[in-house]
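Chain naming follows the written order as A, B, C and D, and within any one chain the residues start at number 1.
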């Protein structure tokens, strides 16, 4: 039974999605008419409510995917297709301690904090205060902020954390931070990077070899969506062709 | 400091990887010579050991990616690129309870049990006994078997579980099990499927519409790997072009 | 030296392209100002002209690619990436005789007639008169109409041509026309098809096997464009994900 | 009716292809047994012949695609997917005069000479004598050598041709030849390049801007093949992920 204060996702007949905290005294205004949020209290997930124009909206518990997609953003966020792969490559899971620099709007931060659970910890930095604030807001909305140490920080001066299980950098010049990064994580740890251009990837690869990194991998993840129509199955006409190159490497003791 | 009994990954100078439980009285035989496993005890991750021919191998803590890649398999396993996306779409995380049918060699089972943590639970079925045994063996090796209820079961007769947070089917005719699946998971839950052919996707889409499923999505994830050479950066010559179509849907109350 | 009546392509400083027949008494109105077309007469290709606001436009001889991209269309046209591959698979070249059904706006017809030269011949059909007229207009503009026999025709009643070197169908139900198609082309000829959905491809494959076709191939061509910026080289953010599946087969004598 | 001396393609029941000049006194040895080539004389294309073990092989007229695929090669050849797009971008067609440097084994040379017809001309260079000889042999086999001026030449010393309609370079350092290239082709002409690495593309882009080139485009063509089985339609498991980046540009008068 859905209670006030819960995070819910409403889906319109056309598939449009609304992520909201259930506040019974509020209304949701849609193209299909108004929904009294109080009508949702006490329903089961998977149920429908009607707008004042009689259109049916279905209520669901949002999954991690929905939470990431609904992040309020001022920057390009990292896409779920990339986040899923990052989680697996870095070995994120319950109890892990992760450091992330360049958290931006906090899409990856949200996923990391979701996956590390109550025993884990995420240390998320950005040198731009507005992004740290936005990230905080996004995490608070979904109730994950207590798992994250958010901080305005220029990592050029060090990460000020140590013994992290892994690390991730979403910054423009990651090659400038390879030594502080290697000190922030445990020896032998996996670290990851996302970069938009091939020039940046080349420059990072050169630096990774110079510093004590090994087991280096560069990949791109592409997602192709299909129109879910059984008698006319076909890929969508257009797709996101590029989000970023993912680079992974391990810190070696030399 | 690495102790006996730990799961370690050894990486050769050419990047070949060996996942082993550290048994100090054993040797690892490689193309570069023998390694005394006792030499590894007490080292820090990220350190190197030498083969009897003097070649340096580096020791790392395996990440989830390494564990999945090292699964002993008798079937096509689900790839990390797909698993990562499945985790996010289904909202897998600490404490979740998941049902999986068609666990095969257990690649996805391993990832699910890793992510749900000690508070979560995975119910994994296969109707072929040999796969349940193989899956068990693979989970035991990495110490995750206690989080999984493994069972030889034909789901045509029902799943015998309920209130699951989500479900995943890797079976040839998923359209045959949509009603029992919807009873195994909580109302409104997200379920996922992987299917190799477009004919199967069409048939599943038709069935999902007939039964009480909604919010349907069909995607493909492609991974393109690059040669990590900074002055000659280029995609690999060949890639895996197809593993499977991923289908996601939610159970609606109607 | 460029003369009146020639087909020219003007490219703006931002890369916007205009394909025009050079009529000296006309003006080209652009976002950068007006260009007197008479200023272009007598110039060499590769030269620039200025708009009345002083912006430089460069004049080029259009290539086949430019001609295809500038087709006036009422339907989805076949893309250059697909046309190039079709030409090679069908063995189109000087002197070939080709039949095409479902010519639509005439993008492929234009390319076929360009490639078969003065000795070749294209027989292009569509059952919708408006498209035959549009196709004719598009071919006339680029001076290739005399190489094409255009006809409003429903191929269900036969193609009324024979001994074609190859054939191509861009129609919704190509499986209905396999027998007439095999009579229109020489024995052993290669024929091609373009289809948007997997369901259509499956149905065509089934029919091709039943009729006397062999050496069957199904492919998709994807084109990924890069931002041509040397110090920030990266794929475009978005791309066309799907135009159609290409199917090729040969007519066997049985 | 097939005559001696013709170029034919035999296709096995499993789809294996053999391209041969029909020499009636010869035999073709296959895994399915021997075929007397004299049995093929007088047949129609699309007919079958039997091996001495009774297996049916079908005889076809090879298309341009088959000719390219059967090139004897000592280097990576340019793939049909790329060649088709190159033809369209460069505007190759009957009567065109094209210059190509780095012809290698001659795959593109073959396609160019096929398409320019008897009135056109291809000037193909390579600085390595063995490749010029191989290219010659490959062209002679398919009867196209008389349309091509083949030459061992280091283009650093100039192309020694002028007024070409377009040009293509498949060389390691194309940026070294941009001035001689611009002198070999007509003003305003389209030129193309193929390069395997992103570093080369960046360097070429930088040089194209410095020299008098404009209208620059960088693309990649990917081909995904499907298993042509109507009730189990699916992409092939593996694909060629990378052949080369294609760069196109036009010569501007400045």
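Note that in this section a contact is a pair of C-beta atoms (placed from the backbone, for glycine too) under 8 Å apart; a residue touches a chain by one contact, two chains touch by 3 or more.
Note that this is a predicted model, so its numbers are computed, not measured.
The fewest steps needed to get from subunit A to subunit D, moving only between touching chains, is 1. The chains touching subunit A as well as subunit B are C, D.
Of all residue numbers seen at the subunit A-subunit C contact, over half occur in both copies; the interface is built from largely matching residues. For chain pairs C-D and B-C, the one joined by more C-beta pairs in contact is C-D.
Taking the mean of the C-alpha atoms as each chain's centre, subunit B and subunit C sit 46 Å apart.
Mean C-alpha positions place subunit C and subunit D at a centre distance of 21 Å. Residues of subunit C in contact with at least two other chains: 198-199, 201-202, 224-225, 231, 233.
Contact residues of subunit C toward subunit B in the complex are 198-199, 201-202. Only residues 11, 15, 44-48, 58-65, 68, 80-81, 83-95, 111, 114-118, 166, 186-190, 198, 201-206, 209, 214-231, 233, 245, 247, 250-253 of subunit C touch subunit D when the two sit together in their complex. Looking at the complex, you find that subunit A touches subunit C at residues 196-199, 224-225, 231-242.
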